[in-house]
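Per-chain residue numbering starts at 1, and chain names A, B, C and D are given in the order in which the chains are listed.
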């Protein structure tokens, strides 16, 4: 069984082989090092000249990639740590996200910007954050988050090869080493995968939302929503809730964070009446805030209970115990769920 | 090479367009604000008259002159400024945010420089032999991303010409308060050869640009052209903090239209003036009659 | 009666006179120009040497101001357009917001970063945005928004002179020319001002939340929440709702956007059961999302109706009619309120 | 001036601290990662031995050596790396995020440079006569905000010394792939005088730094010192992509401890070594026994 890291790495190789317009720009991406988290390993050997190791210039390389994308290439940018997404905020917000609409739909910016997010490695305040929330509300950007479920590599390959919109691709650091799980690997769960064929620029099979229910369980009384690595913690929590507390949940896992496609989550909450969102970033104006707001808007009083599990509103400390206290974990999820039903 | 008459036509077209913009602004036909190219016409015309069809231009807030010298259509620009659906960007972009063929501009200073650099690299990767030209002001040299771009352009040998239009002022801030050291060194420090020129004569600029654009194209390598130039108008509208005398002197000594216009037979020149004015007026009137976009009529 | 602009300008003069540690850094801030929106007018003449006009280097000057703040000064930064806040995202998020906590509470960063936001002037996609939402979820930053009500200048002066935390101060462009209104100037309304004396670092009178109710009106059936210029549109909507539709609302206007202090809003929604949030930024993950989420969390099914009025999820177009269509206005508020009750 | 023994002590303290860090990392006592200063000790000691009590230091990810040369306490640093509440930042910051007296570091490359520049300006505004010293690596020259800072430092004459530690590598990226042109020009282009030095001898660096820090202090003006230096260890841990032979050669030819150590009587040197090792061991043991912070015990 392959890991998420392997799946992403293979997808990059496939994308490079499939389309010679694909380039990659990033810091320290050349072999033998192959990138700080090794997602690009082997790529520069296999495709010399198309994997460009760059100076430490996050804004510059993002802008350069945007220029490449506007002129017919399909660049991928690796930002070494997601914490440095702040450095590319202007390129993303005022350039990349705007071109298509501002130029009256005359251009496309097919660019994928990949970056690892997340803590639990003791890297401290500037190398452990989960900052994607800063970009989830920027019109014109698609934000994807692969998961250990389904096919993370396919998500990446489709983003690179088939999606003409700019994509931010969020990879949680702890996700990398999780084995990729398909239906058969999750015997306790019934897995459904939902896509949105009604969307105007629908790409078949792209960016599915997964829904997990424990097999043969009674009707769920709570919806959990989570993505990326947190979906794994939510899965563990779902099992504990079922076996230890007889609380049955439906776990909904989107792979597209923005634009918000909340239908599957709202559909689930219609059934359960309760929504618990789980994310690794700090609470305020995180992904969960938008989900809760949309649920409240659509469901009104039928949303009987709403809660968010998220990081404490503090920088991520280096000291391990402290870091654990600040970041959300399975216990937080279980305890919050218990309070909600 | 375009002859003297054609060069003059290009210069005066910009001049007359921009004067019309400033004159008509108070009437309320335009949206937002504007940054006119008055006084700097020889830069755009001198440089961009060398472009081949596949070449790329990346411009900034002061983009009307670049756009027109690139060959952009008068009516499309007027319509854009008036927010009409016939504008080059359907009225969505407005004065600072233009796109037409291989011409792009954006209003956030500095951020266009990596973009242009990436475009140049893409053309090189695609072996198109196209040259990219990008314009930036002296004030924009304050933005760090410019240097990130120069470094990479030099390392990867991007076929790009950086044109610095040094009008010695940024909005209201004199270059002495904003640019330490000197401008050419800021390029050579990154290994980018650089030519400096203090002229408002389109022929001189044309000649210098010929050499640099040739080098960029032949050697697939970056070059910089520093043009010391003069802004005749306000930064945008009514916000000139310089003394009127100073501006009058600039206009007297450094007017590209006067300098190059004197090379034309005066009857010919007058004829060109009349025809350009008519062209501009017609474009203006036509744009004025065009419809404005509505949200429901456009794709989300 | 003075305008908001005058009030802010006077406050700057007072702050400079009161404390010689106050400096100001910004682009084109010197007289006679006095800043793109004239908020700093007269300041450089009155306090030469302490008003520093800078190169066009938003990140640089913000970092420099942070250094000044860490070394005993109280700098104010003006970012010419709020759209360029993306350029200072790294300094704000990974430096300024973190220092105090990451350095174990050994330092303070008393810095105020002021910037104008907002559209309706035809400036187009890169000079019209309302981007504060990007910073409302960054732990360690306080985000304030003055209003045409109360005393905007005092809010600014307190931020500069009394607040030891980094503050982002959001000034809507259309707010500048609104007359400042106190109780007496709003005869139709009963005005309450709420502060939070229980907060650990309470500064008397700082960052009040205002609540407006129409005098002698029946019990409100809807809470409106808005800030800055949108509070003025909400006020107009409140009058129209009352006089034209007999819908009575309570309008709550915070001047502190982050950290979120939602008590007065939640208290109001407890009474009305309905919350309509109004903001000029694009919808997703805007200020309103967090408010709605908090209300849903606290009130559960007692939140009977939730809606947000915000900008369409597009860049702000230059063309006037289009811009008006995309930005929220009084009609949107009135129509949405009608649908909610 | 600190005598040769004292300088050696300072060098070896850093060396032994960093070796202990690398040796003990696999045992799991430390959190996160680390960037050791092995091989570059003479830079920090040569430069920071000139500091007066009010002077300010702004450092980067590779900050242990700077911190120790500044006078920082061994135990506080070990405790910080171990995430103890007795660490200089109570365990919150960890290896890259230190603050102690007038010493500050942060882990986002480049962003510390405007910070340091602002600190220098604040000291000037407050007439303290304090000098600010900031360190940056060759790779960090890729960040645009560095140039924004140099420009302003030059315009406003900030009393700051920029020390570039050019170890010719950034993580795994050789300088040839990342730094176009040349480093001194990147400072002189902004009007900042610059001294370049290729040495691992603490006395040579000390002498050069004396002159520059003196100039910064006397003239209240910026200076740059470019130190060509050698990184002996991996970037962080186990991630050295250079050939072992190359690193062995650097260690043989450019070891600041060997170079300066040879100036000491060998018995004296041995005595210093022993006492430093003991100091380091004790600090390590003490830190290891310290408590870890818990959230409930700290202010939100």
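Everything below uses one rule, namely that a contact is a pair of C-beta atoms (placed from the backbone, for glycine too) under 8 Å apart; a residue touches a chain by one contact, two chains touch by 3 or more.
Predicted model only: the values in this text are computed from it and were never measured.
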Tell me the fewest steps from chain B to chain C, where a step is a jump to a chain it touches.
1
Chain labels contacting chain C and also chain D
A, B
Top of the farthest list for chain A, CA-centroid basis, is B
If you average the CA atoms of chain A and of chain C, how far apart do the two points sit, in angstrom?
31
Rounded to the nearest Å, the gap between Cα centres of chain A and chain B is 41
Round to the nearest whole Å and give the separation of the Cα centres of chain A and chain D.
37
Can you check how far apart chain B and chain D are, centre to centre, with Cα atoms defining each centre and the answer in Å?
45
Multi-chain contact residues (two or more partners), chain D:
90, 92-93, 97, 106, 108, 141-145, 148, 151-152, 155, 177-179
Each of the following residues of chain A touches two or more other chains, namely 54-55, 57, 59-60, 83-84, 87, 90, 94, 98, 101-102, 124-126, 314-315, 317
Name the shape of the chain contact graph, picking from line, ring, star, complete and other.
complete
Parts of chain D lying in touch with chain B, wherever the complex brings them together
141-148, 150-152, 154-155, 177-182, 185-186, 188-192
The answer for chain A against chain D in the complex is residues 27-28, 30, 32-33, 36, 53-57, 59-60, 83-84, 87, 121-127, 312, 314-315, 317-323, 325-326
Using the touch definition from the top, list the residues of chain D that touch chain C in their complex.
56, 58, 88-90, 92-93, 97, 99, 104, 106, 108, 111-123, 125-126, 144-145, 148-149, 151-152, 155-156, 299
Chain B residues touching chain C - in the complex, by the definition given at the top
30-33, 80, 83-84, 87, 90-97, 106-110, 139-144, 170-173, 177-179, 239, 241, 292-295, 298, 300
Residues of chain C touching chain D in their complex?
23, 52, 54-55, 57, 59-73, 75, 90-91, 94-95, 98-99, 101-107
